[in-house]
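In structure tokens below, several structures.
Shared between the two complexes below is chain A, which pairs with chain B and chain C, respectively.
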Partner chain A sequence: MSVTTPSLSDSLAARTLAGRHRLRWWEPLPWLLALAFYFAFPRYLGFGTEVLIMILFAIALDLALGYAGIVTLGHAAFFGAGAYTVGMLAKNGIWTEPITGLILAGIAGGLVGLASGLVLLRTAGLTLLMLTLCTMGLLEETANMAAEYTGGFDGLDSLPIKPLFGVFEFNPLYSNTQYLYVLAVLFICFVFVRTLVYSPFGQSLTGIRENMLRMHAVGAPVRRRLVICYTISAALAGIAGGLWAEANAYVNLSTLGLDRAATVLIILVLGGYGRLYGAIVGAVAYMVLEHYLSKLYPTAWQLGLGLLLMGIALFARGGILGIWEALTRRPDRSKPS
Partner chain B sequence: MAVIFDIDVASMLLGGLAAGMVLFIVSVGLSVTMGLMGFVNLAHGGFAMIGGYVIVLAMNRLGLPFVIALLVGFIVIAAVSVVFERFLYARLYRASELDQVLFTIGLVFVMIAGVTLVVGPETQPLNLPAALQGQIDLGFMTYRTYSIVLIGVGVIIMLGLWLGFERTRMGAQIRAAVDNRRMAESLGINITRLFTITFAFGSGMAALGGGLGAEFLGLDPQYPLKYLVIFLIVVAVGGLGRITGVFYASLIIGVLDFALKKYLPQGGTVFIYGMTILLLLWRPQGLFGRAP
Partner chain C sequence: MTALLETRSLSKNFGALLATRDVTFALEAGARHALIGPNGAGKTTFINLLTGVLAPSSGDVLFKGRTINEVEQAERVKLGIARTFQINQLFRGLSVLENVYTSIAERVGAATNMATPAGTRRDVIEESMALLERLKLADVAHRTIAGLPYGRQRLVELAITLGLKPEVLLLDEPAAGVPSAESHIILDAIDALPKSIGVLIIDHDMDLVFRFAKKITVLVRGAVFAEGTPREIGANAEVRAVYLGQATHGS
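Entry: the complex of A and B
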């Protein structure tokens, strides 16, 4: 092997790759804003909690869809699995401690993800899309049928969740505890996902998304990586579902439906998928718009949402963050990623 | 006891077949366009809904007879979908699956909102002509006339499509393009024109199905989302781009769904989802599709 001196472009590429994972100056901003929101808008903390949960759910989806390129319409299956785990355990008085309950929700979501991923990820394209839809439908109908355990259509309400650390009560009227609790969980999960996507494992996921054949050719265990990624994503979605059940103290079929799966997909592509911060931007933008428009002008809201989706698919595949990148890209820099 | 059981089975089969025929008429266009263009079109049910609205409104407000209204629905939706195909869908043929999914979900939302704004959120009733109402004596039993008519119409459409697919130049071109698009293009088949014609015809068929099925599927703005999964299941089970496959799949699912709803109202849907999952794992190309 001959040793060659790295050319200018090589060292630029090397520097870009080595520096990709470094913290940028603006990265603490979202978290500071979230904390500021807690003090500035104490009356909107219930809404804020909902937004934070959807951010976590969208980040989970981003891992599967944005990084590994698994096109799924059924991610609410795992959200619901987590939510119902917390709900059924709490309702029957088996387990009411929130933090460990959340871990159980993550395990439940992950197990469903592992079991379905092992079989689903052998397929691709339309078949995969159909299988994710059917898996979610299967869970939704099962939850609907097993009314004895799941409450059926009405769901389970007034879940007796224990206070956090035995001290801080989850008050359904003032969501102070819920907000900070969800924010902390979101932060931990976000740091985990951020580390994961910049790790060699995360890089290989991007490789699989961009060119599966080549990843096979270089000897990467493609199927195994996809299943692992799908399982982690499902576990995170399960945690998001568990948080939803704990914060609202109820769980119903809405956690498992096509509506929720479509909403999280829309949030992710609105913000920009495969971008880590797309989930945050998308969830805030979508939920705020929905909060103000969907009650007042439901039909116009749906019309606008539809046109927005069509526009994103046709003209702005990177979502809001993609547009921002295109606007701020300096011509002398090499193209990022 | 056996006689009662026999009659039960017969009426169950007839009802299921009628439902299956509607499924077939709506889904056949989806199967062919998906097989031909590889386009994930989740908005197909939207064309069926708008077609149903055109047909029902043409009857209720303009007083057109049922058969004429069906023709009007077919033509209007086919014409509208040419515009959609040329100006919007065609831009996304080479795009990723995700973009196609997003675009067509967006289109479904626009269609739902559009129909709600223009016509209103309430369910539109289909007033069948007197000749199609009531019961008909089949010799061994009496059954709803309209269901029998639906079965007849479905069989005729199936035969017509089969002949067109197997015996005409156009059909041969479509089959060639489904099997190997590049090769077909190299042989000088005008793929772009083929896409437009197939898409328009498929959407027109969906409109027909929307009108014919409005009587028992109902017709309200949520239609495309409500029946999205069942249309997709029919296509996936039947195999992409296979007319006979979609036909058998529609009938199987129609009868199963009808029977399960009647005798097992709780677990019926679970059974269909479970069956679809197992089937697609066993044969990802569908029951009647050719292995890639």
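Entry: the complex of A and C
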């Protein structure tokens, strides 16, 4: 800051803040790659669809965990709520149109998030972690017991999802339609989350993550903000679950379980949480690794993932993107953490 | 004349410990008031009662003559009561500018906006930078808190609170740990505040207290021990015995 600077808002800090939401040159890349994948690997579109859905799920989790700092191990509750909403409505012939079905899945996820968030977000830390886990356990057991509606342990299969726009069939053997459909929904949701995290509301969520005590002291309605964030995150997870049910034409307890909740958490930690693109990098890295390791070592592939995670937890808290940032950052913005 | 912020027979106990005993206190508009007392006198507890972090066991807190016992912490901030913390409470992973932006965005009601980027609120950024300039922090505005020297962090602590443009400003040891070369920046910033706002400062630094305060309240074991002008307090033999004498030997 020198005396000759015409305006304070021209300073480095002000320019950084004023321009941080602008599109960077590399941001279209993931989307171009996703489209290229569609043409390059037509035989892997089922796998690709699965990855895209996990990306959306991880982005939903990132909003709550990475930005607002809500520690949760039960996010599959909302994924499952969305998936079962689509599944039960379709199986009983009540609602089979995919796009509106997704909206209903989002609403279902959001409602579960709102109801549980109003209670859970009075707590923090380990208590919160355990309560999110309990909520998910309750839902899972409910889905298991209410077999008449949910199919119980077997789930609901052969869901009669209508063709997209009445034209494009969801063929379970060739996932072309599913892939592009999921990619489009993911893109819309991503743009929404990106807008949100760069907004003043997103800034206040980051403030809550960094210092909740101080956010109270600057007059922020902290709990209301957290509940809103949690609800939005849950709705997005519900949409991801709805996509999963539609793309696979079935739904089962795996959508609701700890396995899925833990996987999405691992994906986010691997990619780097609170970084928006961590969800994308993490999901791709995790699922590609899983794919190849399980082919190479069908019995012990999880060992490889475990070692990788230990490495990340010990040496690279910021995940893959954190490593990248450490390699490329400017020294004056260094952030020892 | 109604005081800006007052307490009537305010008490707070933690189990058997009486942290605040029957304190009746008034902070007038335009006051430059200091609260002093030995360690464990209950000064920070008193601030926590004023700001709504703690609920009183008995007695009332009033703002402009209205009881605010039931008013939550965040709403008291909206009324115009703001504080700084004895131990820095900053957004450590964010830049200095973002720290102040977060506070000002809250005051002007921008923080509920989800749809447009934070960077497009030029007014908030301009105001943040102007505030940082006043506190000689503009040159480090882009830096992350964690990388700043402690004295600079202490100024950010003050900047976040000043961004709220409070009517009542409660400063909990604002200059603690700040090198003497920089502590004048804090005092200058307080001097430059609008005359109408009431400032209550808690500090151990007697030079600072006597330079700053027009009125001093001495708190001992949770109760008001003495109150008066700096001259009166300085001349009070009992106060010297319990407190001032100690301070010259202590830290």
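Quick note on the criterion: the second predicted complex is superposed on the first by the 314 of 337 C-alpha atoms of A that agree within 3 Å, B and C clash if a C-alpha of one lies under 4 Å from a C-alpha of the other, contacts with A are read in each partner's own complex, and residues count from 1 in each chain.
Keep in mind that, in the parts below, a contact is a pair of C-beta atoms (placed from the backbone, for glycine too) under 8 Å apart; a residue touches a chain by one contact, two chains touch by 3 or more.
This structure is a prediction, so every number in the text was calculated from the model and none was measured.
In the superposition on chain A, A:R329 contacts neither chain B nor chain C. Of the two partner chains, chain B is the only one touched by A:C134; chain C is not. Of the two partner chains placed around the shared chain by superposition, chain C is the only one that A:P200 touches, whereas chain B remains out of contact. Touch criterion met: A:L308 reaches chain B, while chain C stays clear of it.
Applying the stated contact rule after C-alpha superposition, one finds that A:A217 touches chain C and leaves chain B untouched.
Looking at the shared chain after the overlay, A:H291 reaches neither chain B nor chain C.
Residue ranges on chain C touching chain A, taken from their complex, read 51, 53, 73-75, 77-78, 82-83, 85, 89-98, 101-103, 105-107, 110-122, 124-126, 129-130, 133, 138-139, 141-144, 146-147, 160-161, 163-164. The residues of chain A lying in touch with chain B in their complex are 65, 71, 73, 119, 122-123, 125-127, 129-131, 133-135, 137-138, 141-142, 145, 258, 262, 265-266, 269, 273, 299-300, 302-303, 305-314, 317.
Within the complex formed with chain C, the residues of chain A that make contact are 1, 8-9, 11-14, 16-21, 195-196, 198-204, 206-207, 210-211, 213-222, 332-337. Within the complex formed with chain A, the chain B residues making contact are 34, 40, 88, 91-92, 95-103, 105-114, 116-117, 225, 228-229, 232-233, 236, 240, 266-267, 269-270, 273-274, 276-277, 280-281, 284-285.
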